[in-house]
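All chains are identified by letter, namely A, B, C and D, in their written order; residue positions are counted from 1 within each chain.
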Amino acid sequence: MSVFVGDAQADRVVPPTGFTARLTLFAAGAMAFLTVFALALSLASGRLAVRWGDELAQSSTLRISAPSEQLQAQTILALRVLESTPGIASARALSAEEQRGLLAPWFGPDLPVETLPIPQLVEILETEEGYDAAGLRLRLAAEVPGAVLDDHARWREPLERAAGRLRLLGWVSIALIGATTAAMITLAANAALAANAQVISVLRLIGAQDGYIARAFVRRFTVRAFLGAAIGTFLGAGAIYLLPEAQDEAGFLTGLGFVGAGWFLPVLIPPIAGFVAYAATGAAARRTLRGLS
Amino acid sequence: MSVFVGDAQADRVVPPTGFTARLTLFAAGAMAFLTVFALALSLASGRLAVRWGDELAQSSTLRISAPSEQLQAQTILALRVLESTPGIASARALSAEEQRGLLAPWFGPDLPVETLPIPQLVEILETEEGYDAAGLRLRLAAEVPGAVLDDHARWREPLERAAGRLRLLGWVSIALIGATTAAMITLAANAALAANAQVISVLRLIGAQDGYIARAFVRRFTVRAFLGAAIGTFLGAGAIYLLPEAQDEAGFLTGLGFVGAGWFLPVLIPPIAGFVAYAATGAAARRTLRGLS
Amino acid sequence: MIELDNIAYSYGGGELLSEISLKLAPGSFHFLTGPSGSGKTTFLKLCYGALVPTAGTVQLFGKDVRDMDRDDHAMARRRIGVVHQDCQFLDHLPLRENVSLPLTVSGRDSLEQNTNLKELLHWVGLGNRASALPPELSGGERQRAALARAVIMSPEVVLADEPTGNVDWEMSQRLLQLLVELNRMGKTIVIATHDMNLIRSAKNHVQTRVLRISNRKLQLAGADL
Amino acid sequence: MIELDNIAYSYGGGELLSEISLKLAPGSFHFLTGPSGSGKTTFLKLCYGALVPTAGTVQLFGKDVRDMDRDDHAMARRRIGVVHQDCQFLDHLPLRENVSLPLTVSGRDSLEQNTNLKELLHWVGLGNRASALPPELSGGERQRAALARAVIMSPEVVLADEPTGNVDWEMSQRLLQLLVELNRMGKTIVIATHDMNLIRSAKNHVQTRVLRISNRKLQLAGADL
């Protein structure tokens, strides 16, 4: 950590690196800004997948069709079967009210569910481990002939694939941005070192050790990258924070923001940028100093 | 366009700009790569909005609830009203088969739709201009009391908002990336000019005109930015092309790729990058040359 | 061709030069002396328009330097060959191209000039170093190259700042010879130097005036030699 | 302290220096002469380890330069003060800090040294330019500053490459005086110069040996003065 302990003398000895310094600051800032967005996208996609998982994967529906007089009996039977099935957390017959709600978009709110011979729906919530769908189907076929199990697999898979792709896009962007930042800081440091060949030769002439020279450059670029990334992160997080809250009805966007502890992830960006700059500049400085005879 | 007509002499006179040149090439390339992705995201969001528009905005549903014996008559009445409403392209009563299909996810395929007192659904397709929903509601209330118009606004709005946000995110990213690129090329050009202060003073001493000196720098950075952006665009477009085809069932992602003429949009990136570099470097060169007495 | 009319100059602090008037007539040969730090280099910079006087006027080829824009300056510099005290080159180009740079920049790069270049390099003793890069030259070699670059366009005026500071006596005589020859062709020569021996030996070949900067003023110093 | 044993050097082409042996004894005072391009600067660079001989061995303070790593070189340079022919400074630092840079870098920046610095600047005639930036100095002023920087640590050896090329006669006498004084304190001095008058006047103050590079060899040239 000695890079951060200011060696005022060595800092004065290496001239202000002007445009390359500003370039580093700016590149680190812009990249951090973009990283915050990509991070938000990835996290949102991740949440999305979890949510769809929760809503669809962890729940299934049992549909019981039977003549009205048998419906109640079969429902009780089915509930008993479900309760004794390992992997099912709870099972609950939907009330007439709820069934009406589900049908409302199509048939209006006044559908006389009670008097209609429509099937009874049972909502099943699974445990973490899930249940054996094939086994359950066999048991139900034997005991509750009118029951059909829908485990939502048909809906879940494509949605999860889509969320996965969005998330992948986010992480790929982050990796790309990180690599770009490292490359840009390396090039900027190299440009600064090349522009200061004369300074280096003067310092060597009067007996300065290479470590002394290198440290001054490395410290500078590390601090710049850290500062730039901090500013960029702050602005990026601010922009995300100011985004209008996601409307929950939107259904498929949970909102691009960070949630809870997620807000701490961007805080990691500046130190990482600083470390990347430290490593990149250090390597560049050692290489250049070896090159200048 | 004289920038591209190589003036071999002037090019030899300005020394190789080394790291700043590489920096420009790399920054332009990386930025073009990211731009391609952001562009793809924007276009995909745009297509998404259009698709949802097509599916929801251009179609509405009329729900007719009435005692079974009046249902048919009211349906015919409603269809006549709809046919005479300007802005409605076609209206069609759903068959029992279709209604059963809609309910199948909830009640299974064996629902006795015909015998049930469930409402009749009428699918309405609008013309481009759309119809006056409020007016239609009034007319229907007078002529077909059992009819309820659902213009899907409830479903459409949040989805369109969501697509709009994704698209906005894409365009904001593109603008951000463009500004970053311009700033980075400007800074790189400035660094190159600053590093070559001695070259500039030698050239001036022997009577070189400022235009001669500036052109050599501007040409160099323009060509570098164009080349870098071309490489980045090519790689970005290649990556997009290699992305697995979108599964249509996914429903909300039309696939991140370009479609048809959309493939020509990325082609614009290199010339734009070149132009940005041309303008940015020109301004930087003029400023620096004025600054060096 | 170069006229200084009652000029003064200061770098911001006190006045370095003041009340200086001088008309460089075509075909004249001047030496400029004075202690280190007296303002010789500053004076030469005023003569070719690199500095603008803080008072008085400098005219280059009939134009006030204050009214000249950047392109005018470029054009004036093609008519004035300058040897800087710290010889600067384009380090990425071989000596040959560095010396012929004024021709390149003004678009006068021709075959005829090319044989001229060879002769010139030979005269200043750099015939065998033509393809070396400037950082590979010795101090004296760089100084000779700077003089060669200053005269390659046979400019109407040559302003040379200590052109013999780093070369031995024989070579300085050779360089002086070159300038004397140019002067005989009607060119105007000004040499800033602190080498009294050089001035003395020049007096044998050509009629010169020796100017001395002392106490911020320009004085004729022929007597003390 | 500096020993050259039958060394040769070439920059890649033909041999520039060959069969050169020399032992610089503590307290000795050498002049190095030779025509421009003969290899004086190259010879000095061999003496402080900036170049490694292509044949033979150079020992600095008892260590073969071939066996020295970068830190060894840095340490050796703190014991050798060097005046380069083209004086290089850190252009962003004022003269004062440039001259005391060797102290800064070796961590010996003290108050005592500070009064030392003032005296030294005064002696080389830069007392009133201490806060100027190097680009604001005249050629001669830079040369004097370079000499001041080379001697500020009172190093055991001073290698000066044309330290009086750009200054007038009186100033060159002053600078010589400084080096003579250091020599009297037991320091080893080597001065590369083409100024025969300087050598002659030095002979009045101190016992010197004059070395001459001629035909790639190093010769004693006491007789011809």
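We adopt the following convention: a residue touches a chain if its C-beta (ideal position, glycine included) is under 8 Å from a C-beta of that chain, and two chains touch if they have at least 3 such contacts.
The structure presented is a predicted model; accordingly, all values stated were derived computationally and were not measured.
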item: From chain A, the most remote chain by mean C-alpha position; value: C
item: Chain pair whose interface holds the most contacting C-beta pairs; value: A-B
item: Approximate Å spacing (C-alpha centroids) for the pair chain A, chain B; value: 23
item: Intercentroid distance (Cα basis), chain C paired with chain A, Å; value: 68
item: Intercentroid distance (Cα basis), chain C paired with chain B, Å; value: 63
item: Centre-of-Cα separation between chain D and chain C, whole angstrom; value: 29
item: Residues within chain B bordering two or more other chains; value: none
item: Sequence positions of chain D contacting 2 or more other chains; value: none
item: Overall pattern in which the protein chains touch one another (line/ring/star/complete/other); value: ring
item: Chains touching one another, given as label pairs in label order; value: A-B, A-D, B-C, C-D
item: Of chain B, residues touching chain A in the complex; value: 18-20, 22-23, 26-27, 30, 33-34, 37, 41, 61, 63, 65, 99, 102-103, 105-108, 110-112, 116-119, 121, 148, 150, 158-159, 161-162, 165-166, 169, 173, 176-177, 180, 183-184, 187-188, 190-191, 194-195, 247, 249-253, 256
item: In the complex with chain C, residue positions of chain B that touch it; value: 9, 12-13, 15-16, 198-199, 201-212, 289, 293
item: Residues on chain D engaged by chain C in the complex (per definition of touch); value: 11, 34-37, 40-41, 85-86, 125, 129, 136, 138-141, 144, 161-162, 165-171, 194, 196
item: Interface residues, chain D side, partner chain A - complex; value: 70-71, 73-78, 82, 84, 88-93, 97, 101-102, 104-106, 109, 149
